[in-house]
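In the two assemblies presented below, chain A is common to both, partnered first by chain B and then by chain C.
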Partner chain A sequence: MRTTVASAALAAVIACSTSAVAQTPKRGGTLNFAISAEAPTYDCHAGNTYAVVHAVAPFYSTLLKFDLSKYPAVEGDVAESWTISPDQLTFTFRLRDNVFFHDGTKLTSADVKATYERLRNPPAGVVSVRRASYEDIAEITTPDERTIVFRLAAPNPSVFQNFASPWDCIYSAAKLAEDPLFPSKTIMGTGPFKFVEHVRGSHFAGTRHDRYHVPGQPYLDGFRGVIFSQGAAMLNALQGGQVLAEFRSLSPAERDRVAGALGPRLRVEEESWVLKLTIAFNAEKAPFNDPRVRKALSMAIDRWGGSQGLSRIATLRAVGGVMRPGSPFATPEAELAKLPGFGRDIRAAREEARRLLREAGHPNLSFVLTNRTLAQPYTPGGVFLINEWRQIGVTVEHRQVETAAYNAAQSSGNFDVLLDFSNEFMDEPNNGLTKYISSDRSPNNPARAVDRDLDRLYDLQRRETDPAKRNAIIREFEALAMERAYTVPLLWWHRIVATHTHLRGWQMSPSHLLGQSLAAVWLDQ
Partner chain B sequence: MATAAPAIASAPRRYPALIAFAIAQPLGAVALLVVIAMALAATFAEVVAPYDPLDIDFGAMLAAPSPDHWFGTDSFGRDILSRVIYGARTALAIGLLSSLMGCTLGAALGIASAYFGGKVDMAIQRVVDIFLAFPIIVLALVVVAILGRLPVLGVDMNLVLAIAVPIVPKVARVIRSSALTIVTMPYIDAARTAGYSHTRIILRHIAPNVAAPYLILFTAFIAQAILLEASLSFLGLGVTEPTPAWGLMLSGSASDFYREAPWMILFPGLAISLAVFAFNLFGDALRDYLDPKFKT
Partner chain C sequence: MLRYLGRRLLLMIPTLVGVAILTFFMLRVVPGDIVEVKLRGDGGNVTADVIAAERARLGLDQPLIHQFGDWMLGLVTFDFGVSMWTGRPVVEEIALRLELSFQVAVMATIVAVLIAIPLGTISALFRNTWIDYVVRIFTIAGLAVPSFWLGMLVILGLLAWFNWLPPITYTPIYVDPIANLSQLIWPALAVGYRYAAVVARMVRSSLLEVMKEDYIRTARAKGVFERLVVMRHAMGNALLPAITVIGLEFAFLIGGLVVTEQVFNLNGIGRLFVQAVARNDFMLIQTLVMLLAVVFITVNLIVDLTYAALDPRIRYK
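Moving on, here comes the complex of A and B:
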């Protein structure tokens, strides 16, 4: 049944993709799409959930953006062109001359400068979640209204792609001068849609920005992002055509249900996701302060077998190391299988895990696994882990808690083992590896471990501009991180997006945070 | 001897209590058998269950009922029959503990209310009124949400408390009405006159006389507690995966896969229905059997 549905869906995808290429976009119509959570803020700089991006991305522009047809290549958004100095320390951007804010004012380099100053050095009371991404920027200058120059204090190969971050919404310098917190209260950007309304718990609405800088775009008259707190309600709306898409991901079962109901009227696209489940061992607490215990627990997990089973019931699939399988810095499979916890011979790995636990004095270990209450993919991930650890005689209590309690446990260190996640918008080691470096340097790593060897390797790769040399350092980092096992990957997520076939122009990508401006989306009706 | 024999023959036969109950309440006896079977399955689950209820077997995912898996398997390939059998343990443990806690607390409050009367009675009854105003599931939801989890020997004691709390006012009200008829009896006056302590009067003279309604309520509320535990687990506020629990088996991945694997919800659903039906039937029969009014 599932194979049939998947095949039908695949055929539909191919058919629709082909016809979409051939057709000229049609103008008009309002797109209704689902957002499966309420945005906690309007401010992209402070946001850390996709609900913010899906709700507000259509209202804003960024300096660069990812070219999703050639991911991870980037293209200009408000930037028309750019140059990078040979020492990779100076980035000069020439801005488009036709970018207007929704209040009618023209975008200048001062707006871009104010935005990046706010990101890298937020004023009191302003939250900038990705401040560390720009800590190498020494100076931002604006020689003229259309030119902006970023000078780095040290080379950093990730900075350029970071300029395409969907979180770096460009705000009006004048508005920021009036009130640095205005983006958290008001939505006003240069994006393809102008803000109409947000009814909490119901929807976000936008209407076409006629002075959008891409000629002819947006094609839609407007959009309505309908907020669903219940997955079943969202699925019913998708199946009934009240919404035409949910751009984050469906589970395999949800995909099969909707595909079975809508048949050729549905397009299903799937891709590996820059998102993974990780397991964080609390290195401040015994026995998890013993590397043998952590390594044993990682080695007991049959990731390859689990991948095959879990991929049928959860949004989990690829076995990978610290970087997403298939991405530029990913570990080749043969090399990955040599790392502890990734071997193909699970029997031997578990025997070694039992030996390590005996040696560490914990042959009958028991602990609490703290997990989120979210069904996908946290519950299947937790159930799977508990089963794996039972195989080496470890007893685990599964404690599933609401997000607030989960975050509290994570930040206070009140946990034994935590089922964590790593969510990035691109495959960039400078971002992804922060899960594994010392907790005093990276709030992104909940394991509460301090390991200067990992920090040193992280810094080495962070400054290395030669991709081959950088890759070698990352491999060394990964081998050490898996050996010391403060935080280890479980499985990488698999993204499944189902859209009605008359929704065109939207592009699938490895991140649910990319490509959500809706500028190129149109309705074939 | 010759004159005595007819007299013995005409006297009503005295059966052991269980047999007498079975003769008087055949449906109740059948229900009791179901309850006993459930208790045995729960106690000896390790022997009765064909598989370990936690064992994942992705090779057998969503397998239909077959000689290998009588009730089929779930989305993790776990044997549903084994999970239903172990689920009886969860249901009974939480059902019995919650009902015991709720009924005992409620009985204590009901007796105190009837015995002391006056302001004590007024205060207790108004609090009872407040609690009775909330639907039982809502009250349990609030308590479980506030208290979180407190696992003791594999049983979440806060869940037990959450289920017990809504039982307390109902039992308090019923036991109070029974106790009110007892506190006006001459032997209670006599006990008071003799200077016996309140504790002695309550424990020796009142409590034994409300034992029958207490037992009936206790049995009836086990069914309600099982249902409540299943409801809370279904809502994600009860026991957590991978613990085998009937309510939990109806939620989670079951809601994703019930179309292609209806056995995932059929058998735990039947188990809940059967257990609740059996306890209710047994409770009714016990009431009929113990209440002299019904005997006439």
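Moving on, here comes the complex of A and C:
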């Protein structure tokens, strides 16, 4: 799903970058890069914003990691090899023998066990945000210092890839035993860089970990992740060469500005993103408790046309269903077009939408769309929706609020329609579908709907280890979810990363949370 | 004088208590809480029990009056608590940024005073001449142009013409004066220009008023040189309103440079304030408001005392 930027300047940029792919990495130098938010914690297990990953990923290792050149394939990080039992209930990992923490102690299976015990069963006072991802693990054992075994209570096809989660930083068992909150106070892992300093509001700095387990890596002497609170300041720094990259994403306008200024000195990479904007209808409130109203509002949206327009001004592009287009469980385009709200004939869809609203007794519907104040991609997404709904005679007030007020509206149900979003690190239905199942089971679905049919299908796919059968269940789930339309996708995000061409070894991926250890990054200067 | 000073200092206490009560309870009316922003702000399937546990850890599940009592007790003992966002002591968070904000405020004040007093004086003395017109255009432009926009122009100009940008991270002046000044001089100039415009107009109008006073006419009638009339007799009185403006502007600059700090990527108090508000970091917001209240009250006191020093007619008892 990688795309090439059309402008001549960017084409030159990309051509320039590909010519140097095969070069031998050079040692040395300090990488300055931008982080456009401040991490609220050092603790990966409690973190939920990319700012945590971008700031602390270089200091930590994980059990597995994604092989970004073959995404979604995974490879070992501290794990050297692994076996999976035929019933997919037992995962046995053999750990590398040369992994050392920054304090000089050697990593053993006890450290990995302590890490996953903390994730799945956090002690009092410790926050584990992704506890649900490991609820199927029944037991973790360590037969020897280099072997760790995870036994599941029931099959779960997502568990293996979850072992490559960038959030699952491995901590020292000894340090955790001293203080379970140690990771929120101190940064000390086995990653390619050792912690130097964090000046809050300013920057994170790291220096090379000489005993890193990948021979020769890291190539950099160190890095500095500079925190920016405003896009314009970050762009200036990128244009001026003070930072060589911002690894989350630029908007199309930002891309064009920097590419225009730097020309062949800039590399721009684009890819569809494992994030999507969704529309949540408050199913507890009339008239959104009427499926005809929800379906009509979804059908009125010209997603295909919107994709073309919005992709020029916002970080939105791909039209997709419940799974990201191009990902293993995505709906083929021809099939997608048959779902309500995804048809190519927008005139017919809007006619049907008007009919549904008339039938439901709301031909002149008006309501409030609650949205975030963030410019990308929420504002253009919201404005687009209002215009789409206007086409069927619906009047919408656009209420953009700060994150705190947005979250409050979401959790209290004090909204009509919410422009919601998903935040994943991989294309995994067990995570992605939680947007659509009953709200009493999934805090990830703000629609306040209870639908046991969707829950049943979700559970079926969650236990299905045969990918083909699982795919069929997901299709059934998707058709039902789009018909009942408690929460519907608007568009999938589009990631645009611009880096100076002398920054090498970093790999683009569909998630801004992956590949941020910087171990393979080097400077060609 | 000392009794006056003591009385003013004692008056600070009820003022600050009032500020504390208003700040605490008004913040609680604002929808949303920091736990949701922290754990759900970027999406995610965080369960209600995790949210509840974190709220309990931060004491947000306690009755309001209990939370208020704890905070007031902390204020009295100079324990300002910890930031709910970072978990670090609030004092540490503020101290980290105060040095930078204070330095920018001092530098901008120096820039403003150095520009405003000569310009305001010249403008008044050459009233309705081309010199006055030029100065007035300069000052009106200073009022009309937002500091942050001027800052953006400065940054873009440096980038376009010199391919150079000020450093993006702060270095204290005692560590590396050149790095420090090359970062902070630009925001100081951008902010100082608007500040200078305000003060220059105040100096001009005030001096024009004073120059019409009887005692100035008397001085001239005695044959005192015009320069002495202005410098010795007029300026002292003309500067009094300007000093009030300089004081208030200085206090404002400590926490009010929100957008300018963002434009220059400065890790200052203004940016911290906005972030704290966006995150509903109650402990940090409360302490920042108290800090700014103390700054304003102190600056006002200093202004009043300066009045007494400059104007022999004013005596505080």
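Things to note:
Everything below uses one rule, namely that the second predicted complex is superposed on the first by the 505 of 525 C-alpha atoms of A that agree within 3 Å, B and C clash if a C-alpha of one lies under 4 Å from a C-alpha of the other, contacts with A are read in each partner's own complex, and residues count from 1 in each chain.
Note that in this section a residue touches a chain if its C-beta (ideal position, glycine included) is under 8 Å from a C-beta of that chain, and two chains touch if they have at least 3 such contacts.
Remember, predicted model here, so these are calculated numbers, not experimental data.
When both complexes are superposed on chain A, chain B and chain C fit side by side without a clash.
Residue contacts after overlaying the shared chain place A:Arg257 against chain B, while chain C stays out of touching range. Looking at the shared chain after the overlay, A:Ile386 reaches chain B, while chain C stays out of its contact range. Of the two partner chains placed by superposition, A:Ser172 touches none, neither chain B nor chain C. For the combined model, the angle formed at the CA centre of chain A by lines to the CA centres of chain B and chain C equals 40 degrees after rounding to the nearest 10.
Look at A:Ser272: by the touch rule set out above, it reaches neither chain B nor chain C. Residue contacts after overlaying the shared chain place A:Ser249 against neither chain B nor chain C.
Looking at the shared chain after the overlay, A:Ala132 reaches chain C, while chain B stays out of its contact range.
With both structures placed on the common chain, the touch criterion links A:Arg312 to chain B but leaves chain C unconnected. Once the two complexes are overlaid on the shared chain, A:Ala375 sits against chain B while remaining clear of chain C.
More residues of chain A are touched by C (comparison of chain B with chain C). Of the two partner chains placed around the shared chain by superposition, chain B is the only one that A:His398 touches, whereas chain C remains out of contact.
Minimum Cα separation between chain B and chain C in the superposed model: 6 Å.
Taken together, the two structures place residues 232, 405 of chain A in contact with chain B in one case and with chain C in the other. Note for the complex: chain A touches chain B at residues 1-2, 232, 251, 253-254, 257, 305-306, 308-310, 312-313, 373, 375, 379-380, 382-384, 386-387, 390, 397-401, 405.
For chain B in complex with chain A, the residues that touch the partner chain are 54-56, 58, 61, 75-77, 148-149, 151, 236, 240-243, 252-253, 255-257, 259-260. Across the interface of their complex, chain C is touched by residues 38, 40-41, 46, 48-50, 125, 127-132, 184-185, 199-203, 224, 226-230, 232-234, 236-237, 239-240, 242-243, 402-412, 414, 421-423, 431, 434, 442-444 of chain A.
Across the complex, chain C meets chain A through its residues 30-34, 36-48, 50, 53-54, 57, 85-88, 93, 96-97, 152, 155-156, 159, 163-165, 167-170, 262-265, 267, 271-272, 274-275, 278-280.
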